[in-house]
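Take a look at the structures below.
One chain, subunit A, links the two complexes that follow: it is found with subunit B in the first and with subunit C in the second.
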Partner chain A sequence: MTTTTAATDTDTALMAHLLRRAGFGATRNQIDHYLEKGYEATVEELLNPEYGEPEDQDLLDRYFIASTEARSVGHADPQWSWRMATSPKQLEEKIALFWHSLLAVGGIKLDHGMEMLTEIDLFRRVGLGKFRTLLLEISRNPGMMYWLDNQNSHKDAPNENYGRELLELFSMGIDQNGEGAYTEDDVKAAARAFTGWASKPTMPPFFLGPFPMEFRFDPEDHDERDKTLLGETGNWNGDDAVNIIVQQPATAEFISRRLYQFFVADEPDQQEVRKLADVFTENDGEIRAVLRAIFNSEHFKSEEIRFRKVKSPAELVYGTARLTDRFDLPDMDTSQLANYAMFMGQHLLNPPSVEGWHEGEEWIDSGALVERINFASSQLERTDAPGVEQMLERVRSAGDSLSPREYVNACLDAMGAIQLSDRTMNILTEHAAGQSIHQDQRNRATEMFQLIASTPDYQYC
Partner chain B sequence: MNPVDVRLARDGNLYVLSRSNASNKNVRISVVTPIDSEFLFEFANWGTEPGKATQPTAMDFGPDDRLYLADEFTQTISVFEKDGSFLTRWGEEGSGHGQFNRPSGLAVDSAGDLFVVDHLNARVQKWSPDGQHLSSFGTFGTGHGQFNFPWGISIDDQDHVWIADWRNDRIQRFSPEGEFVSAFGSSGNADGQFDRPSSVHCGRDGNIYVSDWRNDRVQVFDRDGTHRETLVGSATLSRWCQEFLDVNPEQAGWRENSGMAEREKLFWRPAGIETGPDGRIYIADSCRHRIQIYQRAPEPALV
Partner chain C sequence: MASNGNGSNGRAKNLVVIQLSGGNDYLNTVVPYQDGLYYDYRPVMGLSGNKVIPLDERVAFNSHMGPFKRLFDAGKMAVIMGIGYPEPNRSHFRSMDIWHTAEPEIASSEGWLGKTTKAIDPEGKNPVTAVNFGRGLPRALAYPGVSVASVGALESYGLYTGLAGASNRDALLDTVSRIYQPMSQEGFPSLQILQTGRGMLDGADLLRSAPDAYSSNVEYNADNPIAQSLKGVAQVMSADLGTRIFYTQHGSFDTHTNELVNHAKLWDEVSEAVECFWADLAEQGQADDTVIWMFSEFGRRIEDNGAGTDHGSGGVAFMIGNPVKGGLHGEYPSLDPADQLEGDVHYNTDYRDAYATILDEFLHVDSEWVLKKKFNPMTELVASRA
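Entry: the complex of A and B
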């Protein structure tokens, strides 16, 4: 797809690109704010969020009281929705979304919304740090242990679920032929290393609500014999297994490829992935270092990378919600955002399987596309929303003697310095030329915003 | 569903107001007998039309036994007979006289007038029983007589008005005319400190009960704000819980194995409080889906 440059300068377009990928996108005013900081300083700010409870957590709990003690995914929805729609620490939420799909725990089986939120918070807390730390913590996460049946893994009868997924889906991966850089014996050894690791029995939630899940290690049920894992032999436990796994070149390659696919492009560029794998290895598996290398690379900054990645439902929903900038207090609409994402095929806190979601073009089918267009269009119709008001003001201040093409460009700029393909640009320019000059200017601009949000181009970030 | 307020009718029945997330429809007022938890009937179920409730926050009985219900989604006060028959409702969104921006607390004084905590407008509004706006007091801030997202309200036997000034972590007391009288509390978790007090209740025993929401406890004070006692929750299994476990032995087994017997007793986000003439204290344990009941010495009989 060739692109037509909107009426924005190069720095603005680049900053908008960064904020769409490292976050969910930004309003034009927010882009200006970050332009004053500069690109690299913005990257550093995104990469170094201060972990902690948001200031409005009390308000959220007060309004959505059932989400405080979320017994199900449905009850938990508003908690994460609110953060994705409003948190100033965009990459903290985006990396949580990334790990939520890669280290996937399914909410339906777990049936414990509170624990699902605990897991998301784990991703916020350590998701940008060392991969070793993350893998150790997720291996002690009671939700994960329950999800992958590790409470049924005993020293005399190990259950291989966690050991297998740890190697295949969480760290080393497999190639297109289903081959991994590990063997079935490694799966068995990993499973034995994790015997005795489980979630504690917990209270049934059905009459008093959920109680926190807790990790339990039972040394009596742990296989203390030697195991050979990835060529190394010893009396390994789960911690040892993680330490061995994170040092594998295949782990560096796999995690780097997944980060590339999530933050850069659906189709991996092998040369770039190898560079990132080197960064991963040189920095002891620090995810922050890999992302820094991504965002500061000429490859990421290049025009050919922009608007090539299909927005996930979460990216579309929360990106559009942020554009409207209307979520200043928790309300009914906050919880509805998660429902919109679900209608588009992404039931947050409940990935379809341990593989998470299949990203890229698979997000789009005719039903999902209708949902996407209807949602985005309905949000941008809300001229009472502060973000839409700002967009209208930007278009108005661009002047009243714009050519049709300049008018479309002014609208694109107001919507966060986005760009369109030549074909779409020509169609919208033709439409703008046909709009009556006597039409109410607010209506004219709102109509154009909605049209832009209804284009195939808006499905990409 | 999550119980957020509880009131005793003069006939002795207990009215429990429950809400849930905005998108979940477990909303209602349930009426039960307080002694043996016998369910009697329910009303004000989920909905936005008259007679329904969407995001209800508080309720109170008037001297004529009519029940007033505040709803922060519909921005209204609804009025019911005690049998649940809907009578009327009033209110609309806004910041002008007689308008609401998320009414959150409600109490009736001895004359039958209503005091409504209009929390996003940071004020308390006074209404006649038939919905005529009478007066209001309070502004946003941290000074005396100012509020920051206030929530609960209670009126004592001298018609003084007590407000749970939620984000200021304090209780404020006002004269019947809305003049500031006193305040106590600060942010923290020591005795006499609060982490977002959700409810204040002037007990029949003369004590002031405060649901210290994010500290998961109820603190008891005398009327000058001196801390007397802290309740952290002492729940036993209710009759309904026991029946549930009796017919679900597998889950009874999970409960036994969890080792959480002590944790099970504790409050989790306590909200509305009521006291009865028999010395009972009823506390809506909002995130544990139950009412915890404490027994104090009953009121002395009049001679």
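Entry: the complex of A and C
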């Protein structure tokens, strides 16, 4: 789209773009910090978060008492909400969100907060690594086993649910006609390979607490006969099945396409996806390598894909929350953020089905748009929030002799070097021209921030 | 949509949904008060004596449903016994989804009433064909291309109503309204977001003004949330905006503990609110054109747990309105251990039969298209036409 560049500095606009896609977005000061570091170094920092229990975990557990050993999804989501609003390791949370929607397990069936958080942490731990490791771990994950009925899959009566979704939704995918690069016989073979893979509850740490679940393999219940999966015959077990599946070209293509849609654009560019599939294959399915190829590509850096991807509710909520920079204690306000995302149609830890969420334009219905605009404008009204103060200060220091267009540009820059379409820009410029010059300067800027956050443009990242 | 005064006629009706969230305890709503097994299974939670209002020699309403008894006696309330679906799921989320999507076997993201809205208004010309009272869209109303307004409170519905410093609200709205004009795509990936924004703004204007046109002698309890939601329904109806589907909910009916107190309070609230709404419908001239549908995601265990009841299956639903033929419909499921389903009552009416009734008989929408299969409309629930 034709855009009016707000940031005069194209590097700034590019860095802002990277941080919106690889993370939830950044304040203008944070963008400056990363600009000093440089683009590629920033990409590497994002790609290599050091996994581990965060320093503030103890604080979090003390504030959200009910969310430690969380019983339900409702008890669990404050933990993740806090991380998405505050974690300095943005891509670690973003990739968890990606896998949460692709390898979807949800409270819709697994009403077990503790297990849901275990899943999310699994995604943090191995979500940027080899896809083989991830698929193997998720296949051994008790929550997933329960979610897709694998505990009901027996040697003499295999349940095909996991075998089918593993191929259709988690690895090889199907085309628009519902056809996959695998057959019904492959589904049956995969199901047989996973017989005996199940979960069992263990003793709860607290009285009346949830039962932590453990992976359990029952060799007695495993089908030991030969199976032919994707053309390879042998006495395959679940880990063999994963090994076979991850080497399929269809898997490389499917995972690359989903990464593209999540990080680059809602509509996949087939040529770019093929390039990424090659990177996937050359790097033994390492997700980090694919993302590195994405973020460093000229395609990703180009103007044409900026502000073309609809922000998911989580991206809108946590992006705006980060802009205000006001979440310094894990209080109710932070956990409330997850509720706002739910009001907008994304109930975290409870995706609507095994298919996860449908991304893109589907996010925006009229009820959700009301919630989006009201949320963002009420957050930006908080002029005492450090992030908003910072924004006000930036607009103030841009000077008091700005033309209306320059004024809107100063506000856009303060909000993280974002941009508007020409038409929206013109309307906001007219609005700025109509604002009384005698108006309190802080009110004037706040009003413009709120308007910018209300635009259709702000719904895209 | 004011009544044409023809009484029971063939006109398409409005649908008002009251969702009882959390799993309403069927056995303590419609009580099998002459069944010894009921009292065996419910040593603590069993209701008897002045705790029940007999409907016949076998079943009784909970004593906190006095207003319902009056509607029942007036012949306007159908009580649908043992409603449910095959292979019950006892997760709130999943079971509610099953009711919302009319798909008991597969996970679907298309709501049956969203699809109904699509059938009523295929081009989405009216942004308020369906209105939800509450925040967040229930999946029942989700359908691609269907715009549904979700209203917390009518008076404060719309953009920027929650801002602390709302002095500039008009200025904000004025500019936002200029931006959301779906005249041309102009730089956006699609026109849809502009159309959605337009529908949102138009719908908000329509809905916010609804209370202005409304007057009624009915006094809804200000402290009863479901009464307030139903008042909102009456206001929107009286404003004649073309709204056909109204969605409300009340809860939580998830009475694992302290059921005798909580369940009673919930039914006090619901039955009082419905009676007020019923009176209001008559006053607004909508009584002949409106059907109320009440359901819950599941019933509860037959046996109590000493303080309440746990998640079960099989339940009761209510259909209320002048177009409805009142009475008890279907058999009360047997509590005999041999007839139970894993400790719950066995359902004997498929919920999609009730949906087919609502669609074919009242809304005049092809149920086969909405439900993807032909179910059996319960024509016995339809009042004979004058």
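Note that in this section the second predicted complex is superposed on the first by the 451 of 461 C-alpha atoms of A that agree within 3 Å, B and C clash if a C-alpha of one lies under 4 Å from a C-alpha of the other, contacts with A are read in each partner's own complex, and residues count from 1 in each chain.
Criterion: a residue touches a chain if its C-beta (ideal position, glycine included) is under 8 Å from a C-beta of that chain, and two chains touch if they have at least 3 such contacts.
Note that this is a predicted model, so its numbers are computed, not measured.
After superposition onto subunit A, partners subunit B and subunit C are found to sit side by side with no clash.
Once the two complexes are overlaid on the shared chain, A:Ser302 sits clear of subunit B and of subunit C alike. Of the two partner chains placed by superposition, A:Thr10 touches none, neither subunit B nor subunit C. In the superposed model, A:Gln336 lies in contact with subunit B only, and not with subunit C. Legend: residue contacts after superposition of the two complexes on their common chain; A:Thr233 is shown touching neither subunit B nor subunit C. In the superposed model, C is the one of subunit B and subunit C that contacts more residues of subunit A. No C-alpha atom of subunit B lies closer than 5 Å to any C-alpha atom of subunit C in the overlay. In the three-chain superposition model, subunit A touches subunit B and subunit C at no common residue. Listed in rising order, the residues of subunit A touching subunit C in the complex are 1-3, 106-109, 111, 266, 308, 310, 342-345, 350, 352-355, 358, 361-362, 364-371, 373-374, 377-378, 381, 421-424, 427-428, 431, 443, 446-447, 450-451, 454-457, 459-460. Put simply, subunit A touches subunit B in their complex at residues 58-59, 61-69, 74-75, 77-78, 200-204, 206-209, 211, 329, 331-332, 334-336, 339. Subunit B makes touch with subunit A in their complex at residues 1-2, 4, 19-24, 26, 55, 73, 120, 149, 151, 166-167, 196, 198, 214, 240-241, 244-245, 248, 251, 254-255, 257-260, 263-264, 268-269, 286-290. Residues 89, 91-94, 97, 107-109, 127, 132, 135-137, 139, 142, 144, 146-150, 158-165, 168, 171-172, 175-176, 178-180, 186-190, 192-194, 196-197, 199-200, 203-204 of subunit C touch subunit A in their complex.
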